[in-house]
Structure formats: structure tokens, C-alpha cells
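Letters A, B, C, D and E name the chains as they come in the text, with residue numbers starting at 1 for each one.
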Amino acid sequence: MAVPAQDLHEEPRVVLSARGLSKSFGAFLAVRDVDLDIEHARVHALIGPNGAGKTTVFNLLTKFLQPTAGSITLLGTDITKTSPDKVARMGLVRSFQISAVFPHLTVLDNVRVALQRPNGLSTQFWLPTSALDRLNDRADELIETVGLKRERNAIAADLSYGRKRVLEIATTLALDPKVLLLDEPMAGMGQEDIGTVSNIIREVAKTRAVLMVEHNLSVVADICHQVTVLQRGEILAEGDYATVSKDERVRLAYMGTEDA
Amino acid sequence: MTMIFGIPLQAFMGQLLIGLINGSFYALLSLGLAVIFGLLRVINFAHGAQYMLGAFVAMLMLQYFGINYWFALILAPVVVGLFGAVIERLLLSRLYELDHLYGLLFTFGLALTIEGTFRYLYGSSGQPYAPPPALTGATNLGFMFLPVYRGWVVVVSLIACIGTWLLIEKTKLGAYLRAATENPTLVQAFGVNVPLLLTLTYALGAGLAAFAGVLAAPVYQVSPLMGSNIIIVVFAVVVVGGMGSIMGAILTGYMLGIAEGLTKVFYPEASNIVIFVIMAIVLLIRPAGLFGKDA
Amino acid sequence: MSDVIHTTAAKTRTGRSATASKAYAAFLGIGLVLLVVAPMFFYPIFLMKLLCFALFACAFNLLLGYTGLLSFGHATFFGGAAYFTAHVVKEWGLSPELGILTGAAGAAALGLLMGFFAIRRQGIYFAMITLALSQMFFFFCLQAGFTHGEDGIQSVPRGHLFGFIDLANTTNMYYFVLAVFLIGMIIIWRFINSPFGMILKSIRENEQRAISLGYSVARYKLGAFVMSAALAGMAGGTKALVFQFATLTDVGWQMSGEVILMTLLGGIGTLIGPIFGAGLVVTLQNYLATSQFPVTIITGVVFMVCVLLFRRGLIGEFYASRLGRKLGFEHRR
Amino acid sequence: QSASDGKVKIGILNDQSGVYADFGGKSSVEAAKMAIEDYGGKVLGVPVELVNADHQNKPDIASNIARQWYDTEQVDAIMDLTTSSVGLAVQALSKDKKKITINTGAATVDLTGKACTPYGFHWAYDTHALAVGTGGAMVKQGGDSWFFLTADYAFGYSLEQQTSDYVKANGGTVLGSVRHPLSSQDFSSFLLQAQSSGAKVIGLANAGLDTANSIKQAAEFGIVQGGQKLAALLFTLAEVHGLGLEAAQGLTLTEGYYWNLDDKSREFGKKFFARTNKMPNMVHAGTYSAVTHYLKAVEKAGSDDADAVAKAMREMPVDDFFGRGGTVAANGRMIHDMYLLQVKKPDESKEPWDYYTVLATIPGKDAYLDPNKAGCELVK
Amino acid sequence: MAKPLLQVSNLNAWYGESHILHGVNMTVGEGETITILGRNGVGKTTTLRTIMGIIRERKGEIRFSGKDMANVPLHRTAHAGLGFVPEERGIFSTLTVEENLMLPPVVADGGRERAMPLDEIYALFPNLHERRFSPGTKLSGGEQQMLAIARILRTGVKLLILDEPTEGLAPVIVQRIGEVLKTLKERGMTVLMVEQNFRFASRVADRFYLMDHGKMVADFPVSELPQRMDTLHKVLGV
């Protein structure tokens, strides 16, 4: 496993927080006055109807979008004005709603590209590529963690959709992020992968904070400690799954009449 | 006498008008380029060559068939448009599914071939083409002596620009075209004959270039080089306007024409680069161009 | 972790099999021998021109083939460096090797400047912006005093290499050019097959993802751009010494088009393809210059045919051909 | 008595596809061919061969070709060499290679001035002659206030500079000038400035397509009808033909030859026309004259060795339909008479190619710089 | 079973050199709702795209209303009455939501009667109404999915081909789409879809095809579902 044993059972503490976060696109206010606290060693779910502004919140937190108002703090540092790559280097890493891998690289190379940066092997234009072989052990470990061992040397483009998502998680983990933002990690995934990925998320969350957007409520119920429900850009409800799912407004706006 | 920057108001007005006239050529040319780019995602390097072809076709029509300016103004764009359609159907259309850069490279080759051929056949010092008798002479505007023909150029190019803009932004056909730019397969799966649509678009773009060429023939020497001299400037216009933005191309065309015209008065040596300087500044401030949508 | 995984990793990394590596080494060996003996059989000036353009095309390919950026303004670096080299050698009396270094450094500086503007856009936008900026540089060269306008800097002395090898001697000059060429190629080869090259490749594949992994994409691209510019400058500076000339031809947009043609003909994204592309174009031009048929028509037609039919280029097509695959080459694109 | 390698080979190197393709171009090659044929095709008992190439107006391409001709094709002399940058480059190279160049196409006086070489000759015209003709002689015809439209590069500057010197020397004034970038398509803005300056003469210190477009647009803006005169400083019969009399009428210019001057020049003109379907301009006629003179010199020297030939060339007078009592000065300048010409109105032209009225003849010694003062090191 | 509308026999398809479909056989009866189940990457999307004619490297027979579709060019398939909602939705960014919606022409014979009027569509998807003037791709993921479905409903196709219609949708919306599909069914529309959301699928489908390795490995009506759970478990890992 990727996670060293002594790190387990760490105490929750706030690592990423947003205050009064707002974003408007022209006259349209997509996110309004959102406060969020993401805690270490916790899985936090962001749910809500389509178009509620979940992806936008992600884009704001990772600085792919600049907020119209509000502030964001990561590990005690104000990152409201920081560039996205810098934020990523500080340990806040995201996945995309639409799958994001390097299609013509092998699975191994995909992971190694991610490993290069934290290992200081990205600007060396005078070294041979074989210098990257020292990343192999760590890369293989990650590949095994997410169960891609069989596809290790396959070209990423040839993977099925679900496998690509899994690979994406592996590359994200390679950066050893402190805060992980996952946008619908289970979307389009078959049942067998959903189980695997749930387990991975549960496992990695023991040592880091995870914020995820997910429509699959059984997954949310299963692995998330905390749930925030967003509607029309505003927070509608907050709490653990049991509390939130009983909220009448949430049922009406999001969950519908069926059981999860 | 009123002075503006040390220049008599009258002369200043004259220069402004001249700038506007040149701007109409830029607008017309960059319009065609923007149409082709916006819808086919092809940078049509052959645009200058097609402009030149327009002028040449008009001249040859007069020389061999006695077809006058007015008919040439319609016929030459049709001929060049057909030529464009054939090129698109047979050759260019094979490149769409590839990286867009191949389109640029292909049309670059096409431009070299067309220009080379005309240079080989007609030399490059240029041929005369007289303005139509109805449009010769000049009117005195008080502040300047305006050749009637130049006035005609402004009016007719404005009409062509607005017409094209309406066609693409406001009609169903235009909606098909814009959608086909993004995902031709899907639009085709919806039951639209996309290949035909793209052929027509390229023909339209080429035709617009040729139209500008016919308009230019009475003003400039009809020379195989006339296109390659202007094409780079027109590229800059399109970049400043925001690539793919049709309105952007038109407005920027006029604006840069005026900017260039004024430079010709105050610092003539720089008139060739003023457009590129403006481009650099615009790109620094707005990387997507003045009217471009952010990528 | 088993050994099996390690060996397969080694294989995928280099992207070609053992037979291919052997074939490659054999080609390299033969090529090198041919280059060394070539001046006995061919007009040396022609060979030198070929080498300069080959290096130029390879430098250009570093950007197009490995970073996915099509620059339509590379003449700026080639021609700019030619001016710089010619100027410092002729007016300041610098030695040829320093002259070429100055040219390369100047080109790198120009690359930094142009890259600063252009790198923020991609694809066609990038191409157009580089084109326009190089056009600006063209006008600068037309106006600036030290370039001598349309006359160019003429009669540039070749000087003495390291102060004692007389380069006016054609044979000496040839081996000097060959050395510059080989140094350039080694730099390119190393650059591509380095950790940096790996990041470039991943940026080309998926830029957004590279950003989210924490890479400042713009800086990597700029790095590649400057490197490519510097190497193009090295080629341009050398050319200025070979022909004792620096002119506007080398900074015009047609030159930028030509280098694209060379790269395209040889094979985008192949290390040695552009060499062959350059060879073909230079030979063709040499032949056509004195024939009665206009060069531009041929160039244009070759361009179109290439784009339509031989997109992979000579070497790319060879790699993809049955023989190439039998030898174990894998085409990258 | 022999040629070094069993043949005498002449190269015509000029622009065959660019803006000067009509100016010299293929027709120059034809003129050289005629000269060789008229000479009998042989000199010193060996055949005279002719090669030609297109230098695309690029000095580096030109010097490449020249170098290759000298190194691998045993070319003995190169002629035409249109455009100054090419002329200077090839002349410098030829000095190193010890080969003869006779420039009939380029304008710069530097060829026989500070860049002169023992083997370089300048035949048909130069900027000085143009300046004296169009600038000096025109003032005498009444055009005494000038405004220049100048191409923004060295050639344009020197043409403007030299012309305005002569304008002033002859009592005229220069009211101003505007520098336009090379290959501007549109000159209306500049013409407007020239128009409002009120100058009697608008001097076009540019070349090729730029000049043609300036003239065409000047007609559009009614500049000539408005009483101002246009003087094209470098413009020949070939370009007048390309522009058409309608646009070119009233234009004043200087050439070293006109086919309709007298019987001798008409004879050459007709012969040339029969082969090329064009009447020759001074470059074509000059090339014919240059080839002929070169062959005569080879004959006289008894060898194709450049030193001997150059010496013979300087010793012999150039009396043909083109040179008319011409002499070859020590700096390589061929000195002959020039003509100030005016383009006829369409209705004045009586036959095809009847384009000019001769306004004045400028004697060679006035037209060209005194070889002693040209700045050439060969002349002390 | 109802009269067959779509018959596919021994269909093979390739992406370049990779052979993806290895002889797909299936029949869709008129008025039926069919769901294809299968793990990621078995070729479900490919099957739909091949039927639609988007993938042209294909062999085998496709008959629609008895007509052989082999040589029908892509832009004519829609005329036959097939409508396609791709997995990646295919919303056009340069068009507004409404322009997107209005884009596909009503082309099928008799399409006008079947076509769903605009106000009905807006009633079904109020989000779209609210955002109708904003550019298509500025919609959220789920809104784009609604738009993609709505767009086809307006053209009055006979056979609606849906690739994972509920991916990324909020449960309420999934429910609503389920209802829409039922309404359509009542109107006689035939639906062929690929779906990962097993619960949703079992609610709307009449019949299932189970796909593995480029082939249909099982075919059963919804009523047999309980007996088939074992097979499903094996093939899907549900």
C-alpha cells in the first residue's frame, strides 16, 4: 500500500478553507458566498443538482478560475491570488470531470511524469531519460495500489474510460498531495471499478484531506465523513450523510424521492 | 486654419479617409480569412493568392473576352470560388481530421504554387487595369480630392462585410457552420451535409478574397506579388481582431487601416510595422485579441 | 518488483527494439563516415550549406516535433544570428567560434523575447503570432544600420579557428562546419531524451493536466523555444561564415516556410528526418536555381504533396514502412 | 593564343521572376544570345557559351550561383546583375576569383566608386546619371521645386540624395520628402502629402512595382492633371509598357537608350522585337553592348585571362548603337550619353511602343561622375 | 416481439488496426426500450457509433426498417430516423443553448408529428430554459447532458440512441429522465441505450443485451432479471 502505517489515524484539522467565495460569469452568479472547511484525514463530499456550481467551486479552489470575491487559505497560507501551478506545488491537486491523462504515454510514464516534479527531475535537459528509472519503484507501487499492474506498459489512450480514471488517480497520488480534489471520480465507471476506487479514496484519505464531487450517493454514504450540499451556488445543507439525506430541502432539490 | 498635431485639419481629414479606404480592403480580406478560419479552422495562407487571382481573372476576362468591370465583379469571385471549391473538395478536405496546422501548411504550398505560376506566366512587374468609366474622376470634398472609385470601394466593401456577418451569425445556415466547426461528425449525424457545407464555406472565403482582388485591380497594378505583400498584414489584422471572430476581423480591419493611414503621416517609415506593434501590445493585454473569446 | 518489469520498461522508454537500436547505430556510423568523406565527391560549399540547413531544421523540429509548437518565425533566429555573427566577426574581429557563439546567444535572446509573447497561445494562434513577430524583426533588419539594409553584410571574413586554423581553406571550413553540426545534433538528442524532454512531451499531450500536476507549462515551453532558437542561431551563424554573407533572405518569412518544409519532408518528430528533408530541399533548390523552371512552383507543389500524401515525411514513412517496422522502429506520432 | 579551357563562357545572372523580371530578365538573356550570334558564336577559335540563372534579387543566392559557376562550370564573365546588392556582392566575389563582371542592371555608383575592382565594369546607367538627367535636366525644363517619394532603404536614399543635390545645384528647391516602406501597396497617403506640398515635380525615388503603383495612383488622384509633374528616377520602357500610357503619360525619366532614337537603334530594336516581342530598354541594349565589347576584348587580349581582358576592355572605345563614342574609364565606368525622356499621351503615340518624346540629351561627361572623383582606389 | 425496427447481424468494427466488435448480433423491435450492459471498454459505445454510421470501418449487416444502411452516408442516416446522443454529449460552445437545441433539422419522415415541441422540452428541463441564451459549453456537465437529450427529442426520430444518458446527473434528474423515457415510450418511440447505472436501466428497459469482448453474450427481457443476476454478476461485477 502507498500509505505508510504509522501515519494512520491522524487527527482531523482544517487544511483548506474558503470564506465568502463568490464567482459570477457576467451577470450570472454561479457561486455565492460559500464557506468551506476541508479537514485533514477526512473525505468531504460536495453534492448538489447539476449546475449548482460544484465544478466552479473546484476551479476556484484550485485557482483555475479567479474568484469574484472571497478568500482561500491553504495550510495557513492565503492563496487567493496564487497561480494554479503554484497551488499544485503547494500540495493541492485536482482531477478533472472529463478524464485527463497523457494519452500517448504509457501508464508507467504517466505516473512518472507526475513523480518527476516532487523528485526534482523535471528541468534536467542534460540528463538521459534513464535518470527517471529511479522513480520506477515508487511508480510501480502506485500502479499496484490502483490495480493497473496488468496495464503498466499499455499506452494510456488504449485504456477504457474507467481505467483512465483510475490512472488519473494514480498520477494524482504520485504528487503526494496534502489536499486532493476529485471531480466525479466515479462518473462513467463500471461497478467493479467503483469498488476499487472507493477503497483507494478511503485509504488515501487517512493521511490527507479529500474533497470530492459525486453523484453516486451510495459512494457518498459509504466513504464520506462530511457532506456539503450546494444549490444555485449557495450552501443548502451541511453535515454527515445521515443528517443531510434527511433534510427535506435536499431531498427535493437533489436526491429525489427514491432511496439512495 | 485649425491644426491637429501640427497638420492642417483638412489634410488630417483626408488622411483619415484614406486610412478608412485602405481599411476596407483589410476588412474585406480579413473577413474572408476569418470566415475560413472560424468555420474550417484552416489558416488560409492562399488567401493572398486568391485575392491576386481575383484581380487577374478580372483582367484576363477583359483582355480575352471583353468582359467589363461590372460583370467581372460578380464573375471573378464566382470563378475563384469555384476554383476554391474544387481545391477544398479534392484536397483540403482530406486534412480536416488532422492537426489544423496541416491546413495551414497545405495552403502555404498552394499559395506558392499559384503565385509561382503567375509569376512564371506574367512576370511580376504588373499589368494595368483601368477603372470602369462610370467611376473615374474625382469629387472635391472640400478637404480633399476623393477619387470616385475609392468612395465606391468603401461603400461596397461595407455592404459585403455586413452581409457576410449577417449570413454567418444570424441564419440557420450560419449555426450549422459554427456547429460543424466544433464537431463535424455530430452535425453530420444530425442529418446535415457537412462536407458540402465546408466546401461552400471555403468557396465563400475564396470568393470574398477574389472580390477584394477585383476591387483592388483598378487601384493597384495587377501583379502576382500583390497578394503575398498584403497577406501577412491581413493575418495580423485577424490576430488582433481575435481569430475566428468575424465582427472582430471587420472592425479591426477598418481600425488598423486608419491607424496605418495616420502613421503614414506622422512616421511614414513605420507604417509597415505599426500593425505588428499594435498586435504585440494587444496580445500583451488581451491574448485572445480584441474581440476574441478567451480560449 | 520483478526484473521482467524493468526490462520491459527499458524497452518502452527508448521506444525501439534492440534490432532498431542496432540498425540505428549502423545508420549513424555509415552516415558519419559518408559525411567525413563527402567533400571528396561533392562541391564542399554545397555540403556546408546542407549541413547548416540540416541543423536549422533539426533545431526547428525540436520545437515542432517534440513540443508541438509550430513556429512560423524561425527565420528570425537563423537570420538574426547570421547578422550577429557576421557583424561581430567582420566589425569587431571576433574569432569564428566566438562569432557563432555570439550568434547563438543573440538568437536565444530573440527567442526569449518572441517566446514571451507567443508562448501564451497555442496551435495556429502561436504560429500566427510568431509569424507576425518575425515580420517585425524583418523590418527591423531592413532598417537597422548594422545590417546594411538590402545589401546585407557582405564579405564576412571566415577568420582563423582558435586563432590558427585558417578557415578560408575550404577543407578546414568543411570540417569545422561538420563539427558544429555534430555538436548541435548531440545537444538536440540529449535534450529530447531527458527528463525535461519527458515533461515537454506530456505538455504536448495534455496541457491542462500538466498544469494541475504543478508544472508551470509556460516556462517549459519557453525553455524549449529558447533552446530551439539558440540552435537555429548556431546554424545561422555558421551559414554566415560559410557564405561570408548575412542577408534579408535569411530573416524573411519564406525562410520560415522553408524550414517547415524541410522538417515536414524529412519527418516531424524524428531525430534525423529533418536532415534528409534539408538535404532534399537544398539539392532541389540548387538544381532549380539554374534551370528554367521557377523554384517557387516546385516548392509549393512539393509542400502540398507532402502534406497530402507523405505526412510522416521520408524518415517517418520509412519507420512506418514494413522494413522499418521489421527493424523495430516505432513511429512516434 | 587561346582560351584557358577550350571555351569562353558568359553567365547572365539576373532577376527572372521578381519585380525586375521585365527590367532585365529573360530578355537580357536573349540580348546576350543575339550578341554572341552576331559575333559569330566563336572567339579565338573556341565556342562562346551562355548560361543564365535567376537570382531572385537576393545577394546571397546570387553570390552562391556565381561561386558555383566559377568553381564548377568555368564561367569567365557574368553580366546584367540587376539590383545593387547583387551587383556589389558578385563584383566583390569576382574580384577574389579573378573574373570579369559587367553590370548592366544595377544602379549604384559604388560599383565604380568605393567598391570598384580591377575586373568590375558598369555599363548602362547609374544613380548619378539618373540624378543628373532627371534631377538636373528637369530643373532646366522648368521643374524647379521638388517633393520626393522615397523608398525607405539605401537605394532610395542615395537616389533621393543625389537627385536633390542636382536639383539644388541647378537652382531648384526641395520642398520635402516622405519615406515609404518597401513594397507598400497603397501610396495614396504619400501622394496626398506630395500633392499638398505644392511642388512642381514629384520625384519617385523608388523602383519596380512601387514606382508603378505610385504612378497609377497618382493618376487616380489627378496629380498630373492638377499640373504637377511626376519624375520616376528609375523607370524604363519595359515598365512604361507594363503600366500603359493611360497611367504613365506625362512621366519624365532618364534612360541610356531608346529604340526610336535613330536608324541604328531602331535596327537593334526591331531585331530584338522579332525575337522577344518586346522593344528593348537600356538594360537589354546595354547587355548586348557589354557582351559584344567583352568578346572583342577577349579577341584583342588573345586570352580569356581576366587581367588581360580587363586591360583590353579599358583600352578599346565602345562605339556601337548603344555606347556612341563611349569610353571605359579606369574605374570600370562606361561613359556614354543619356537621354531625358517624357512619356507620350496615348493619342500622341503613333505606333506600338512609340512611348517617348526626347526632351534632352545629356552628354556622357556630364551624366557620369568624373572617374578621378568617384572614390575608386584604382584611380589615383 | 414487436416488428423489428433495427436488425444488426454479424457486425464487426475497427479503430484503425484494432478490431473492436467481433460479430455483434442484435434486434430492436419497434417501440422497445433496449439497454446494453457491459463493463468499461467492451465496445458498447463502439456498437452505437457503428450503427449510427460514425465508424465507417465496419463489416456486417445493419438494417433499419428493413433498409440496408451499409452504404448510406452519415448525413443521410438521420433522415432514416436515427438520433444519437453521444457519450461526450457534443454541445457546441459557439452556439447558445437555444441554438444548440434548434440545431438538428427535423429530417425523418413523419418526424414532425413525433417531434417534441419547444415548450414541452423547456417544461421538462427548466434549467435549459433559464440558461437558454448562454453559450452551450458554459452549462454544467449535467445541464449539457439534458441539452443533448432534449436536442434530439425535438427532431422526432424513430430510434433514439443514447450513450450513458445518466452519467454525471443528479439523482432527481436521473429520475426525471426516466420519466421522460417512459413518456416517449408511450408515444411509441424506440430507444437503444448503453447504461452503467444498473438500477436506472432496470427501471426503464424492456430488454437487455449483455456485452463482453465485442460481442453480445446474453439477451433477456426485464422479467428474467432475477434469474439472470448470476450471469450479470460474473460479467459486470455488480
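Annotations
Assume contacts are C-beta pairs under 8 Å (C-beta built on N, C-alpha and C of every residue); 3 or more make two chains touch, one makes a residue touch a chain.
Per UniProt, the chains are A, E = ABC transporter ATP-binding protein; B, C = Branched-chain amino acid ABC transporter permease.
Keep in mind that this is a model prediction, so the values were computed, not measured.
Chains that count as touching both subunit B and subunit E, per the definition above, do not exist in this structure. Comparing mean CA positions across the assembly, the chain most remote from subunit E is D. Remark: among chain pairs C-D and A-C, A-C carries the greater number of C-beta contacts.
Farthest chain from subunit A, judged by C-alpha centroids: D. For the pair subunit A and subunit C, the distance between mean C-alpha positions equals 42 Å. Averaging C-alpha coordinates per chain places the centre of subunit B 37 Å away from that of subunit D. Our note on geometry: subunit D versus subunit E, Cα centroid distance of 77 Å, whole angstroms.
The distance from the centre of subunit B to the centre of subunit C, with each centre set as the mean of the Cα atoms, comes to 33 Å.
Annotation for subunit A: no residues touch two or more other chains.
Of all residues in subunit C, those touching 2 or more other chains are 139, 143, 294-296, listed in ascending order. In subunit D, the positions touching at least two other chains are 17, 152, 181-182. Counting only pairs that meet the touch rule, the chains in contact are A-C, A-E, B-C, B-D, B-E, C-D.
By the touch rule above, subunit C contacts subunit B in their complex via residues 70, 117, 120-125, 127-129, 131-133, 135-136, 139, 143, 253, 257, 260, 264, 293-304, 306-308, 311. Against subunit C, the residues of subunit B that register as touching in their complex are 37, 41, 43, 91, 94-95, 98-102, 104-106, 108-117, 119-120, 232, 235-236, 238-239, 243, 269, 272-273, 276-277, 279-280, 283-284, 287, 295. Only residues 18, 39-41, 87-88, 127, 131, 134, 138-143, 145-146, 164, 167-175, 196, 198, 236-238 of subunit E touch subunit A when the two sit together in their complex.
Every residue of subunit B that touches subunit E in the complex is listed here, in rising order: 172, 175-176, 178-179, 181-183, 185-194.
Considering their complex, residues 17-23, 25, 152, 178-186, 188-190, 192-193, 195-196, 208-209, 212-213, 216-217, 220-222, 238-239, 242-244, 246-247 of subunit D touch subunit B.
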